[in-house]
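Structure below; questions to follow.
As written, the chain order gives the labels A, B, C, D, E and F, with residue 1 at the start of each chain.
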Amino acid sequence: MTLHHLVIADIVRRALHEDLGQGYDITTDSLIPADHRGKAVMRTRQDGVLAGLEAAFAAFHMLDKTLKITAHAKDGENLAAGQDILSVEGLSRSILTGERTALNFMTHLSGIATQTRAYVEAVKGTKARITCTRKTLPGLRTLQKYAIRRGGGQNHRFGLGDAVLIKDNHIALAGGIDIALEAARKNAGHMLKIELEVDTLEQLEDALQYKFDVVLLDNMAPDMLRQAVTLVDGRILTEASGGVTLDTVRAIAETGVDMISVGALTHSVTALDIGLDVS
Amino acid sequence: MTLHHLVIADIVRRALHEDLGQGYDITTDSLIPADHRGKAVMRTRQDGVLAGLEAAFAAFHMLDKTLKITAHAKDGENLAAGQDILSVEGLSRSILTGERTALNFMTHLSGIATQTRAYVEAVKGTKARITCTRKTLPGLRTLQKYAIRRGGGQNHRFGLGDAVLIKDNHIALAGGIDIALEAARKNAGHMLKIELEVDTLEQLEDALQYKFDVVLLDNMAPDMLRQAVTLVDGRILTEASGGVTLDTVRAIAETGVDMISVGALTHSVTALDIGLDVS
Amino acid sequence: MTLHHLVIADIVRRALHEDLGQGYDITTDSLIPADHRGKAVMRTRQDGVLAGLEAAFAAFHMLDKTLKITAHAKDGENLAAGQDILSVEGLSRSILTGERTALNFMTHLSGIATQTRAYVEAVKGTKARITCTRKTLPGLRTLQKYAIRRGGGQNHRFGLGDAVLIKDNHIALAGGIDIALEAARKNAGHMLKIELEVDTLEQLEDALQYKFDVVLLDNMAPDMLRQAVTLVDGRILTEASGGVTLDTVRAIAETGVDMISVGALTHSVTALDIGLDVS
Amino acid sequence: MTLHHLVIADIVRRALHEDLGQGYDITTDSLIPADHRGKAVMRTRQDGVLAGLEAAFAAFHMLDKTLKITAHAKDGENLAAGQDILSVEGLSRSILTGERTALNFMTHLSGIATQTRAYVEAVKGTKARITCTRKTLPGLRTLQKYAIRRGGGQNHRFGLGDAVLIKDNHIALAGGIDIALEAARKNAGHMLKIELEVDTLEQLEDALQYKFDVVLLDNMAPDMLRQAVTLVDGRILTEASGGVTLDTVRAIAETGVDMISVGALTHSVTALDIGLDVS
Amino acid sequence: MTLHHLVIADIVRRALHEDLGQGYDITTDSLIPADHRGKAVMRTRQDGVLAGLEAAFAAFHMLDKTLKITAHAKDGENLAAGQDILSVEGLSRSILTGERTALNFMTHLSGIATQTRAYVEAVKGTKARITCTRKTLPGLRTLQKYAIRRGGGQNHRFGLGDAVLIKDNHIALAGGIDIALEAARKNAGHMLKIELEVDTLEQLEDALQYKFDVVLLDNMAPDMLRQAVTLVDGRILTEASGGVTLDTVRAIAETGVDMISVGALTHSVTALDIGLDVS
Amino acid sequence: MTLHHLVIADIVRRALHEDLGQGYDITTDSLIPADHRGKAVMRTRQDGVLAGLEAAFAAFHMLDKTLKITAHAKDGENLAAGQDILSVEGLSRSILTGERTALNFMTHLSGIATQTRAYVEAVKGTKARITCTRKTLPGLRTLQKYAIRRGGGQNHRFGLGDAVLIKDNHIALAGGIDIALEAARKNAGHMLKIELEVDTLEQLEDALQYKFDVVLLDNMAPDMLRQAVTLVDGRILTEASGGVTLDTVRAIAETGVDMISVGALTHSVTALDIGLDVS
């Protein structure tokens, strides 16, 4: 599950430009001799799951191709507080100027991976898998989805073209579940899956008469979810969504659903506390 | 404190492209008649502070210039759960396709403004003001800093060129506080302020012999902060930083510091729960 | 199946810049008075299927927002030689300067739609549907895929992330069909379909033991295709590919396959002959 | 006739993004071990003329700077079916992920070069040279024009600013050939050539009273072309255009015209069949 | 000689971003009420020639589409000190924020047009025409060349592909004038002119044996230029270059050369003094 | 005061594209063998101050990564006419094609540094320092401000967000100096300086009642400047501006002002005469 340099180059460049809009780091360039060399270590101050190594590398490397960067951990790895993540060695100016951008990527993405893994661990032993949503932060979707994978989660749709997801508004405006599903099958091509959102067991029973791939069971309590799973009886995949938290996810998983989607994994991220220590 | 369209156009366009990479919304375009018209209202489901109206407008407008968008609240306004924020009226396809992008901006930025105001309220009656840091999410700094202002906070540096901030690493590598400050004054130009970070009262006393504008009191407990404020005695501005939370901010403010900076305001944002209801 | 302005804006702008790199149309600007107004009609000189109206509109509109453009046909419509497509009225300079860019889009995309419909017509009455491939021209994929839809075809994958397509090289390097399919199912998420390429009936029989969504029957003669379809027996979708032409497509469709993919639809396009007549 | 990396970098990057919009190659990344190394050879399956080596290099190289790429042929070289073009060696994932983009460039550009050379060969022994037009595919003009040169053709105008080409509409709106030519000479600067389109021998005779550089003889049959060449008598260059095909080009060349322009060379390209074999 | 919006949009947007990198005009946004409306007039404080109206319009318009902008003069027009150029009316914040960007374009481009016209006037009555070079400021070539035309000058090459210009280094490396000219004619296509630089009369005599379009007489004193013109005897165009100033240009023109190229017109520009007065 | 590659990459790429829009250097590519190697030296023909080395490096390097470039001087260094600046060695085609772009950057930026140093020298012995303005050329601000620093000057604001500068229009619209300054202090954040423009001594006296950081003494004659300096009496910084020239700057400096700002340093630049000699 590579994260190609090509895919992150633009956002890393933009992030560096946010810091270097005036063309220089007035503090560092004024105080540190141009040829001073040093070394620094990026180190986590909390337990967590690492994600964002490539972006941190890119941030330092775009700034100064002569920096020597060494990874001490891998994306997806469980980190213990105090553990080294990467070292960077070379011109001190470059290290200090690049520090914040590298950290901003890594603390955010590791925050996502850490929280994702917490959910994945919480449902261990059930067949449920954790997945994300399109509730992502503008411009960061590809990176956030990558961090979800590194935390052990799975990706839902990346955009509005790579799968069909029929919600209540769509059904209402299309004129009914049958019409909606037929239109979807006709237009969607043979490589796209179709998911249908239902809010009640009645809707679910109605929908199961027709052919589609995944049912989104929206905002159902565990009891109702269990009945829904029984109704579906393995014919299609089931996905629970709506206000899922670390406190409720286990009970939801135990209803037997296949997938649990959690918007907060990407829309409400707590950064992992990682710092850079200059030695 | 305008947010110019020009400044957000790029990030809004990128966000829309994240959803429309394949060129269409396969669900909406398959199910909704091309000429169907409808109306939807964006409404908050939680109390909070609004920010991001311009970005939501831009998201809908870039997608479809014929949509009629009406604001029912203003950025910076306190919202009550259930309150309408904006209405959008026109082609139903455009409303459904643009919904998620518009919401992703607004829930994130309102989350920042809401949390900022909570800090601002917490220090009410003291002279302390709340400020942000450069711990922002890649590509979103300008927007995040705007949301801070809408919440009643103040902006710290936007980048590495618009003020000098001398940290311990800089002092160590420069060879001392006096040398560092002299180099900063010599290079920085007459329009840039100089801030110096100190960790102890001894460092502070040493530093106060020299001329600079703001002192950053890093990771000091309220007692020590109070002593620092006494030492400074109004000669320069004082800024407290380091692990500030809603629980601790009042005590910090009561020490008499001028500014309190809070990284979590931008690096660990909880989205405000806002939804779009199609009517 | 809208084609959003947003999605074509970049490529239309680039195309205009190819003509206006020096900033002007030396011929038109030297010879035509700045305020001369005229009218022109875009008209097909061949029978065909229209695609690209939005791009032609955008080309004229980006050049001169005051041009009045009127469509006389719709994308996806069958055109008869001599039929009017659109009129453009306004400053003569703008019409002449934009002509070639508008035509370059429309002749190419209508060429694709026309050829696609020829294949669709050729298989009429069978259940086979025509689909495209990733053999598209650099930078034009979204537009070419749109033209395929307008011609009555269906889209295959848009990129390497929106479905799994396991080819022989993948199987060989993964270590067998079973291992490959298991890895795909584990990594791909619940919203992605999995397609597997087989070259022989033996491979097909082997593969059918496992769970996947679509089988790509590569380079099989009609007889073998028929046997493959019998073997599959409706359990999964079948897709025939490899050197399909207008001469052979009917015989392939009559084998009972669900899909027929044709690379030439996008990699070897004959432009539809459309011209602009100034009146 | 170098093709600078700088000039193709943008279009190659865009093409890679078309495949990697979601940030990964779900198939390859799921099935192939990250450190598996392999080798592949790009090989033509048809006779033809090579063009696009630089673009194929760039596609692989932008994806993975560690790939070792070796050319076995040169742009402009005649290829025999089965002949090796380039080898690529390194991480198997990178080879498989980059394959289609590299091929999409090379098959298209070699298709142009191959067809161009067919025309060039067809007129061998006459003084006529083959040239292209501005009927190019959006965003690909620079590359297509390069392929024309590699096939032995010559480039006509790149855009609307690098030469004057006066067509009937221009003459009509300017108010006559004399007025049009005078305006062109006055505005065009001393480094730009002026070409004038004529449809009849009468127009040609009229035009020859004035000073310009090239005459475009549009849609004339060989007999009329021969008379036109006689009338011109070497005073200016003659260019024949309009519906030229491989069947008619020899007869046109034998009329003695200097140039023959062929729009189909770039607007209706048949890809050369080139494949990548993993060894 | 239109200057298309499309062609200047990028550079105007970049210029505005230089001022609005932090997203706001801290002074104006802090001090001026959001709904305050005003009017301002752009007025020249020196005699000169106007150029850059479109860019100034674009600067204000990109910032605020509701501003009402009215032109009181035309590009290319002679301005008298004190003369009004354009008025802008609307939100005062937008006027003040856009002022500097609009002026920076207009003062620079009018500076070029003004100086160009001074040269054009200086050679009045001779047949010599004034032309520019490729010594332009990075990123501004299209705009600078436009200003040259507005001042009454002519454009030389826009880039390295739209004409052949053979300098001494080229001749030396190619192996002689004859070889160089033959290679140029063979490769350049029929729509490109060929210019050859000579430094001495001997070189000129040698060169005149061969076929090319323009001779660049580099750094020759008026006497030598006169002999060169005599030698050429109208067979090709003559262009004088090298250290031309307003003091020397008349003498050079009187030698009978066709063109005089002046690098300083674009590389050493004195801005025209234009200001914006708020009323 | 590093100039990061990242910060200049875009403008250097754009500049190269201005020359290579058609994809090649028709002259060089036609005449010089592809494998011919050579060497060239960039050399100043005038005394001056060097600036722009990084941009010249980048221009050659972006074009051809195999060129070997060696610097013989440093940005900020005083150059004597005839002195070598850099050598470039490698493929002759690359050297000739990149020459003009590299020179256009270096002659412009060195022109700025040279003129800045002339002003700095002129005020030697006084405490006045020379600073620039926002009157910069579109798209070149970061580079021009860098050249100012290399010449020994200081930078004023980079944009509208990094300091407050209150001019007469602002005061008038805000409703008075006191109201304006209060609004500025309230909104500007603790890291921004506030500068106020005054035109008369009365305004200055009025203003000095309030708290701000720098006063801009606009268009005052030396006598009045001296009185203003006396009035200010060291409480805040003083900046003189308005029509400053090399002839008047010494007298202004001797009034005791801290800063003198000179718009012409960036808006009216005379290029330093630097050439490239191929050996």
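One rule holds in what follows: a contact is a pair of C-beta atoms (placed from the backbone, for glycine too) under 8 Å apart; a residue touches a chain by one contact, two chains touch by 3 or more.
Remember, it's a predicted structure, so these values are computed and weren't measured experimentally.
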- Message: Quick check on the contact network: minimum steps from subunit B to subunit F?
- Response: 1
- Using only the C-alpha atoms, find the rotation that maps subunit A onto subunit F and quote its angle between 0 and 180 degrees, to the nearest 5. 120
- Query: Between subunit F and subunit E, is it the same set of residue numbers doing the touching on each side, over half shared, or a different set?
  - Reply: same
- What whole-Å value do you get for the distance between subunit A and subunit C if each is reduced to the mean of its CA atoms? 32
- Task: Provide the C-alpha centroid distance between subunit D and subunit F, rounded to the nearest whole angstrom.
- Result: 44
- Could you list the positions in subunit C whose residues touch two or more of the other chains? 1, 20-25, 29-30, 97, 142, 158-159, 161-163, 187, 192
- Note on the structure: Given the complex, residues on subunit B that touch subunit A span 11-12, 14-15, 18-33, 36, 38, 55, 92, 96-97, 100-101, 103-105, 107-108, 111, 134-142, 158-167, 169-170, 172-174, 180, 183-184, 186-188, 192, 264, 267-271, 278
- subunit A contacts subunit D in the complex at 1-4, 6-7, 142-143, 145-146, 158-159, 162
- Complex interface listing, subunit B residues touching subunit F: 1, 129, 131, 154-158, 161-163, 187, 189-193, 195, 214, 237, 239, 258-259
- Query: Can you list the subunit B residues touching subunit C in their complex?
  - Reply: 13, 16-17, 20-25, 29-30, 34, 62-63, 93, 97
